Structures are given as C-alpha cells and as structure tokens.
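Taking it in order: structure first as structure tokens, then the write-up.
As written, the chains take the letters A, B, C and D, and residue 1 is the first residue of each chain.
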Amino acid sequence: MTLHVENLTVHHGAIQALTSVSFDVKEGELTAVIGSNGAGKSTLLRTLSGLKSATTGTATWRGHNLLHGKAESHVRHGVAHVSEGKSVIPELTVEENLDLGAIWRRNKNESASTKREVFDLFPRLEERRKQNTETLSGGERQMLAIGRALMSKPELLLLDEPSLGLAPLLVKQIFEAIVNVTKQYGLSVVLVEQNAIGALNIANSGIVLNLGTIATTGSAQELISDPAVRAAYLGY
Amino acid sequence: MKSFNRRKLISASAILAVTALTATAVPANAFSPKSEVGVSQTEIKLGITLPMTGAASPGYNKVPAAMKAYFDYVNANGGVNGRKVTLVVKDDQYVPTQAVAKTNELILKDRVLALVAPLGTANNKAVAASVNPGKRGVPVLFVNTGFSGFADQKKFPTTYAILPSYVMEAKIMAEYIKDNFAGKTIGLVYQDDDFGTDALSGFKSAGVKFAATVGYASGSQSATTAAGWVTKLKAANCDVVILFGVSSATAAGLGTAAALKYAPQWILGSVGGDATTIKASGVPAGVLYNAVGASFLPATTDTSDEYVSLFQSIYSKAVPGSAFDNNVLVGMNSAFVTVQALKAAGANPTRASLLAAIDSKGSTFASAALLPLNYSKTSHVGYNGYWFGKYSPTGDLKPDGGKYTLYTTDSGSGAVVKSTWKRPAMPAKGLPN
Amino acid sequence: MHKLSNKVRILIFIVIGFAIYLLSNNVDELRVYQGAQVAVYVVGIASIILLTGYSGQVSLGQGALLGVGGYAAALSQLKWHLPIPATFAIAILAAAGAGALLGIAAARLSGPYLAGATLALAVGLPSIANQFTVLGGEQGLFFDVGFPPSSLGADFTQYKWFFWIASLATLLAIFWLQNVMRSRYGRTWKAIRGSEVAAELAGVNVARAKILAFTLSAGVAGLAGALLAMTIGTVSPSAFPLALSFSLLTGAVLAGVTTLGGVIIGAVTLVAIPEIVGSIVNRAGASEAIASNLPHIVVGALLILTVVFVPNGPVEQMRSRRLKNGTSL
Amino acid sequence: MFQFINTLLIGITSGAIYALMALSIVLVWRSTRVINFAQAGQALTSTFIGFQTLHYINSFWVALLVAMIGGALISALIEVTLMRVLLKHSSSGAIAGVAPIIATLGLLEVLQGTITLIWGGADVLIAPPLSNVGFTIGTNTLVFSPMKLAIIIIVLALLALLSLIFQKTSIGLSLRAAAYSPELARLAGVRVDAVRTLGWALSGATGAVAGLLLVSNGNGSFSTASMEFSLLLISGFIAAVIGGLESVLGAVLGGLALGIITSFVLMYVSDSLFFIAPFVILLLVLFIRPQGILGKKGGRRA
C-alpha cells in the first residue's frame, strides 16, 4: 500500500466536500476516480497534493503524511499534481514551464536528462520549446502539463481531468501517453476523469465518488461491468 | 424579532454618540470672570503656532526657542510686573487646518492671553476666519507675514502683522534695481500664490519689466524643477534675477544655477533670503556671495549694534551651540516687542488693555529694527521698509558700504523714499520700562 | 435583515437630535468645536462607506471631492450671495457632478488602478486652485456662514452655531443615506460588491450602478466639504490635503465600511486619538516632536490592526459574533 | 536648441528615477498583487538609513549598499509580518479587494511618524558623491553632470541585473511563476511564500536606490516631510500604470515617458502645472489605453 487514504473529510467553508473517504493505491497501479460534477473528485486531488487542507482523516504516501505541510514540500516527496484545465503557465515559454517542474531539484544534469526524455516522449514540445505557451493548442498544453509533472521526477502522479475539452482523437493520444509514462517510470497514478470509460479502460482499479462519499470501489474491469455504474456514469 | 435587534443597534449607536462626546467633555478649569484669561498672580501665558516639523519648518523652528530665551531673560530680571511670561508652542506643520485646530487648543484649552508671532499668511487667514480671534477679542500679535490683506482692520480687528508687506518689498526692490542695475535684463522667480501675487502687483505698480518670469507651484520647488527655471532664465539672457520665494525655493534656484554655471546678479526676497537654510540645504558656499538681500533688522553679525550684541549673548547662553541667525533675531525681537506691549497694558493686563496699549503706544515701542513700528488705531502693519546689502563669503548679509540705507513706502501707490529715522537707544539691559 | 418602519427611524433621529442639543448646552466651547469636527467626519466617512462598503470601489481621493464641495459653497456665497442652505445644496450638486465624471472614468477601472487614479486626483485637484484666480490661489476663499441669530442669546458661541448646523446636516444626510442603502440601489450595489460578474449575469447594468454610487457618494462628500469649509471659515488647497483623504478612509475602516452603524466610532476616533495621545505625551513631558508624531503612528497602527483583525469593522464584528453565538434574537 | 536638449535631459534623469520607483511598485505587484502605497515611506526610511551610515563610514557607495540592504530587510519584514497575515485574514469579506491598499496606507503613516521621531523633522544633507556641475559644450552648459550620468548608469545597471535575474536564473523563474500562478508554482515545488518575500525584498532594495538617487539628483537635502518623496510615490505609481503594472520594461518606459512629458510641459507651458500634469497624463492613459503601454488587453480588470 503506497498511497493510503483513510476517513478523509474535507470542508469547503460550511459545505462538506468529502466525507470519510478511504482507499488505497498500490505501487505502480493506475486508479481512476470517476463521478459526476461536484462529486468531490478535484477536492480529493487538491487535498492529496496539499493545496487544500483536510478537516479530519489521514492520507500518507509511502509513510509521508500528505495532510501535513504545503504543496511545495509534497513535490519533494515524489507527489506530482497536474491540476484541472491545462495546468501550465501561459506567460512562460514551453521550456520555462518544463524547467519550472524541475526547479526544486538540485542536480541540474539529472533534470537536463529528464527534459531530454520528456522531449522524446512529446516531440511537439521540443519543436516549440522557445515559444510562448499561449500559442500552444489544447492538446499540446496538456502534454506540457504532464511533461512539467514528469520533470519533478514523480512517483505518485495525480491527474485531474486531462481529457477535458479535447477532441476525441487527442483524448486517445493523451490516455496513451498516460499509460506510457506510467509504465516507463513505474508511476502510481490517481486519475480523476469525467470520461469514465476512457479512464477505466486504462486503469487497474476505480473509485466512484458520489456527493463526497465513495459509492463503489473495485477493479476497473468490475466497475465497467457493474450495471449500476454503467447506468449512472458510463451512459450505456 | 429581528427588528428589535436593529433597533437596539441604532439606539446603541445613539447612546454611544452621546457618551463618546460627553466622555471627552472633561470640563476645563472654571472660568473666573475676575482675572483675565491667561493672566494669574504669577504668570502671563502666551501661545504660538508655527511649523516645527515639515517642509516649511527649517529656519522657522528656531523661533520659539529664541523667543523663550528672551522671555526667560525678562523673567530672571523680575518679569513683567512680577509675572513670569510663558510661551506655549504648537506645531501647525504650515497647514491651515492644523493652525486652526492648534489655535483653538491654545485659546480654549491652554487658555492663553494672546497669540504671538504666528507664521504664515494662509494659516493666519484661516485662523482669523475660523477661530475668529477678532470677535473673541483675542489679540494676535506680530504675525510673521507680509500679506497686505491683514491691514484690513474690519476683517482682522485684533491682528497685528509685523513684516513690511510683500507689495512694499517689491516696490522697494524695484527702486533699488533702478538705482543700481538700470538697463539690465531682469528675470523673476516667484511662488505662484498670494505671496507671489502680492509681489507681482508691487513690481507692476513700480513699472519693472521682466525678460522672463517663472512662477512655480508652492511645494514643487526642488533642484530638478529649478533646472527648468534656470534654463528659461538663461534662454532669456537675464543678468539680474530676483528670487521671490520661500527659502527652499531660493536654495534650489541658487544651487542649480551654480551647477549650470549660471551666475547672474541675484536679488533675494526677505522671506527666502535665509542664509542658514540655504547653506544647510547643500548650496555650495560662495554661491550666495554677493547676492543682494534685504532686511529691516540690523545684520546678525553687526556686534557693534547694541541689540544684536545683547540678544546674541542671551541666546548663546540659553541655546548653546545654535547659530545666531536672522530667524533667531526675528524671534527675539518679537519677544522684545511683546514684553513692551504687555508692560504698556497696565499692572493687570487684559486682552482689551493689551490691544489698546498697542494702538496708542505701539508706534513708540523700541525694537531692534532700523525702522519704527507703525501701529496706531488705524494701522496694524508693523515695519514699512528695508535696507539692502550683499551676502558676505560666509553667507552673512551686510549693508552696502557698511552703512544701512533704509527705503520706506506703503502698500498703495505711494513713492519709495529713503528714511532718515534714527533708532533711539536701547532701554537699559534690554529690559523695556 | 428586517427593517424599522420609517416612523420609528424618524423618532430615533429626533431623539438623537435632542441628545445632541442637550449635549451642546452642557459642554465647553472646545468640545463643541470638536463636536462640529466629528459631524464633518461623520458625513465624510459616510460618503466613503456608501462608495466602498456598498459598491466595493475604493477612493483615496475623497478629500478632493470635499474640496469641490467646499469651493462650490464658498464661490456661490461670494459670487451670488446665496443663503447658506443654498450654498450647501450647490456644494452637494457640484461635487455630485464631479463624482459622476469620476465615476465614468472609474467604471473602466478596478482595484489598484482606481485607487491610483483617485490618489492622483487627491494630489492634483486641489492645486487647480492655483490655476484660476477666481479660486483664490493658495490662500483660497472665505466661507462665512455668519453669526448665530441674536435670538439665541449673547452667550451663544460661533462654534455652538457651527455644531448645530453641522449636526442637523449630518442627521439629515445619514437619514437619507439609510434610505438609499435600503432601496433597490443599495441591494444592487451590494450585489456588485459581492461579485461583479454575478451581478452582470443577473441583469444589473454594472457600469451605471457604479457611476451612480460615485455620484451619490460625491454629493455626500460635497456636503462634508461645505461643512468643513464652514468650521474653518475658508477653503484653500491646503485645507483638502492628501492627509484628509487618508483620514476619512481611516475613519471609514475603523467604523466598518459595510455598515453606517459604526460611523460615529470612526469619526470620534479621528478627533479623539490625537487629543488623547497628545495629552498623554504632554503629561509624560515628552517633546513636541513626539506629541505631533505619535498620533500618526497610533492612527496608522490602528488602521492596520483593524484591517487585519476586524476587516468589517467593530460593529459588524460584534453583530456577527452575536449571531454566531446564537444570543441574538 | 539648448533649451530643448536641456529639457530632454531633465526629463530623462527624473524619468529614470521615476522608473526605479515604478519598478519597485511593479515588483511588489507581481509578487503579491498588492499596490504598496508605503513604498515611498520605505524609500525614505532607506534613505535615512543611508544618511545614518554616512555618519560612520564616509562613502556614498557604502551608504547606498547599506540602504539597499536595509530597504530589502524592511520590505521583507513587512511582507512576512503584515502582508502574509493580511492576505490570509481578509481574502474574503467586503473590503477584501481594498484591504491591502488601506493597510499599506496605514503603514505609510506609521513609517513616516517613526522616522520623524528618530531623525527629527529638520532637513538633513547627503552630499552627492559626484559633481552636479553640468558638462559644457562651447559656451553652453548642459543640464547633465557626472552625477546625472551616474544616475542613469546606475538605473540601467540595476535594470540589466534585474532582467538577468528574472530571465536567466531559476530564482527568476520562481519569481515569475509565483507571480503568474502561485498555485502551479507551488505544485512545481516553488516555495511561494519565500519567493514573495524575496520579491518584496528586491522591491525594497530598488526603492532604496530610487530614494538615494532622488536626493542626489537634487542638492542632497531632504527631510522626513520631503514633498519629493510623496511625489516620487505618485510619479512611480503613474509610471507603473503607464507601463501596464506587469513588466519591468513597461515600468522603465513609463517612467521615462512621464519624466520627459512632464519636463516639456513645465518648460514650454507653465511651471505651475507641476502637480496637475502627471495627473492629466494618468487620466489620458487610463482613458485611451487602460492597459498601459505594454499591458495586455483585459489585464486591467484582473
């Protein structure tokens, strides 16, 4: 058990966004978190990455307490969060966005070789390395966001809706890329998605969130074949 | 039920309003009709407001200590009819609203007999209008301003200005230029407000033609803006330049001109020609040298003058280490005149007897000035003339040819004439009878 | 919140007015003068509360609008010899006009830009007086509301007269302001303050509402300016310095910008702090430099502490605490 | 002709100083989205620190360095003790948008009162380190002296240094990232709080240089109530707005534009327009191009 979440409760002001959420993610596995709008999916990721503080509960990554300390310290423990909506800084160039991902790493040679790997993974980014990020397409920005996360040498990747607003073909590409990097780096991944089918298709296991509580958990396969889940979230 | 809450809030604030006001309403000392305000068996209390801090304070902030030095000297020699003279000083930062507030404090809280030697035209106009010392019968004595408007006794029945008016100064300066710099190209730098406007009207009535006039906004004077003035004056090829501004503007003009290697014949107005301030603001020594200045008091270095030598010895004992400059001399002279007015007001001075004394005997008061005071029932203007001189290499104003030549005039269309008045001898030990 | 009926409100204001009347007869002249100052500040602060607290716009240049009002009052008396109430009305109208212009500019701006533009206004506008001789230059103009009527007796002082006039004008202004804030416009402004976008979606013409807020606020500021001119007897550029704008803003924050309820607290604080600090310093025998600087430090520190710890002001804080504790009905 | 050149030179030197102040305002704005109205008070305080240093070590350049360090520390302290708490406390509520502005105004009062208590209200003098006597061409003397040349060189050097830091170092990248998107910067491991403090410190140091150069551009005398310092704040702010509030280059261009335009107005129209000219320029900019010279459209409301 490398990511361990237990009884996690989070508030947005007076509103309870997450209620007693518990789950585990095994080393090297991809867990998809699905659910409708406002189910608390993004809140879950933001809490795990330290952007939001929890009310009660525990969350640890390889023993490191994720509910304590700030986001900038979690990244030093291998937690990378690609937040919702193309998490890049448009005012910076492509390369600067990538460099930003490695900014806390002391060994600059190592980060240079990571950058090489990211460029190999997403050649489009290398072509546009000096360009302003504003000029990138939606798909390219998502690649850049994932690339930026990889630059921090992550072990646990928290992905928030990478397919949001992308054309179907691009969605497929992004999901493929996610599978690739997960395998290549042996990452553990929590993938939050509205696109439930796509997510479950590449996931090992899944969690269904409903109004801040866990409705169902199970292997990806089980969830896809669960009629209730299918009716509610998969649309067929 | 909620309306109850609201109502409580409103009535609470009403109660608060009332209690807040009453809480601050600590009753002042009971007013006793028998003795005059500010006069007790042992003490006469006077008040002054002037800039002790802020942009206008340099130079002037030495005045209160100078006045106190003289009052203490009088107090040590028996006081005024056995009473000690004390001075309450308030800082008005040269802001009229502050002057009003502080003057109110002096009158209503400190309960002074009279205000003496306050500074500034705008401040005293505001005080006159708002505090209305005229209607209250509170004397405002020997105000340090040359604003001609204070001559209006209907508006300012208890206000007495001490400086010659700026109109007079401009007229006299014009006469001096005619005598000494005829045919030269003349430039003028003035403060673009009532102070400068008064001067402009004086120059105009004297028929002075300027090749360049630079009116700066009060408060904008700095070495940076002065570079603009100098550039303009240079472009107009002025050989004689009159700086008719406050000391900081005079300093900025002189310093910048030196940096731009522009050396016309300077003529400094009496307000801004304060050597101490000019030197303190980093103007290189020597720039001031040979500039023309004006004063109605003897030169501060003229130790052969009995007033100067006495005041100098009193001041150096009271405020050791402080330079004896024109501000000190002005302050001590004001105090000297004040003591005479108090003595003239009788054994038990009142506000009314003080005013009456100045009206009837003011023109006979001794003072350090080389001109008589002109107070009477119809005139509340103090001095009416100037002598001219040049600044020495050390920055001291010395009369031309070592001899004081006094020009006098009025604020109207009267001619400028040379005065033949001789100052009477100083009262023994500098203590008025 | 449920509203008081107009009858009750009028009654409350009459009671307050009576209390002020009693007070004016029982304190000495200095306090009466300070009472008039408090009244001026109350109106000035209320004008900021209308603007900032109700429409979320900040003005660092309210002092300049007071200046417009003051000059308008003085000019109309000087040129047309209007009776005093009419000069006050002109002050209100002139400042409201200036406020409308400012509002048109301000509707395009927000946050720091608006703050900066109004700041520049506070510095730039008063010096316009030097450009036109009709405004009297640095010395300014006289504004004389005249002596109290002789029917009030010989002992009736000028300051008491100022205090009466200022108090009456203040009560009327506050009553009117309450009406405005309870009206449809008040709700509109609150909606804008909450979220401009949401208000726009709800069909509010945000720009127009903002301009209206600026106009009304400026009108109230104009009244404060005329009252200020009355208490100091003149209008001049230096009577409306940047420091005045800052003082009013300070008073508004200390009062709590979201409610008129604390306005007297802000005004009294502005008048009382220099006095209290001054008397403590004098008693301690400290120098004039300390006496004139310590009040600035105290007021500044108080402003910072209020913004950090009770950003909505003490009155609102007490109210919300009571609501939270459930002790309120 | 000489009048024209002199006017231009006057404008450029004062513009360079406005530019520094604008830069100092921009640095704080970028790091915390706060307009710091206490900036001029801080610059004045730093200048007094420089003045005090000159009492012990008689070198202007050492004093400048000490003033910069002092200015940086004061500024950092303000960020840590006041701004951080303030932004946490009042992120919501009626005056959330204006609370920082008001707090910095309070700070200005506190600073000004405190330095007056320490150093008194009287004028003091910092002798300019280089001659202020203008260069001479033929028979004409320019409004351009070794000191003014030094001022321009110092401003340019500081500018180059800041640009280098911003564009070429990872600290610069952190500063920019934290400015544009604190949340993403945080996720990337940037210690945003520390970076903000750094931004304030840089701003404080820049303001200190502006203060000392302002004094040296004149005759060296100043006081706690110097009008020049309140004007410095306003000019700096206007310059920053003209430049669009976001960019270093914009601040510099804004400062120069303001300096030059004002100088020409004072020379060729009237000296009495001193206080009104910058105000009119600001209004014109806000009306014609609300986003500033280099600002992006739509940025103004952000």
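Methods note: contacts are C-beta pairs under 8 Å (C-beta built on N, C-alpha and C of every residue); 3 or more make two chains touch, one makes a residue touch a chain.
This one's a predicted model, so the numbers in the text were calculated from it and none came from an experiment.
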Separate pieces, if any, that appear once chain D is removed in thought: A | B, C
{"item": "Innermost chain, taking as reference the mean of every protein Cα atom displayed", "value": "D"}
{"item": "Between C-D and B-D, the pair joined by more C-beta contacts", "value": "C-D"}
{"item": "Most widely separated chain from chain D, with each centre as the mean of CA atoms", "value": "A"}
{"item": "Separation of chain B from chain C, taking each centre as the mean of its C-alpha atoms, in whole Å", "value": "35"}
{"item": "Centre-to-centre distance between chain D and chain C (centres being mean Cα positions), rounded to whole Å", "value": "32"}
{"item": "Mean-CA-position distance for chain B and chain A (Å)", "value": "77"}
{"item": "Residues within chain B bordering two or more other chains", "value": "52-53, 93, 192, 217"}
{"item": "Touching two or more other chains - residues of chain D", "value": "116, 120-121, 272-275"}
{"item": "Category of the chain touch graph - line, ring, star, complete, other", "value": "other"}
{"item": "Those chain pairs that satisfy the touch definition", "value": "A-D, B-C, B-D, C-D"}
{"item": "Contact footprint of chain C on chain B as seen in their complex", "value": "1-7, 9-11, 13-14, 16-18, 20-22, 24-25, 27-28, 52-53, 89, 91, 93-97, 100, 104-105, 108-109, 121-122, 125-126, 128-130, 132, 135, 147, 191-195, 197, 217-218"}
{"item": "Parts of chain B lying in touch with chain D, wherever the complex brings them together", "value": "52-55, 57-58, 61, 93, 192, 214-217, 219-220, 222-225, 227-229, 231-232, 235, 251-252, 255-256, 258-262, 277, 280-283"}
{"item": "List of chain A residues in touch with chain D within their complex", "value": "49-51, 70-72, 75-76, 80-81, 83, 87-92, 96, 99-101, 103-104, 148, 152"}
{"item": "List of chain D residues in touch with chain C within their complex", "value": "29, 35, 37, 82, 85-86, 89-90, 93-99, 101-103, 105-110, 112-114, 116-117, 120-121, 230-231, 234, 237-238, 241, 245, 272-276, 278-280, 282-283, 286-287, 290, 300-301"}
{"item": "Complex contacts: residues of chain C adjacent to chain B", "value": "1-4, 8-9, 12, 15-16, 19-20, 23, 26-31, 33-35, 38, 127, 130, 136-140, 142-144, 147, 158, 231-234, 236, 238-239, 241, 243-244, 261-262, 264-265, 268, 271-272, 275, 288-289, 291-293, 315, 319, 328-329"}
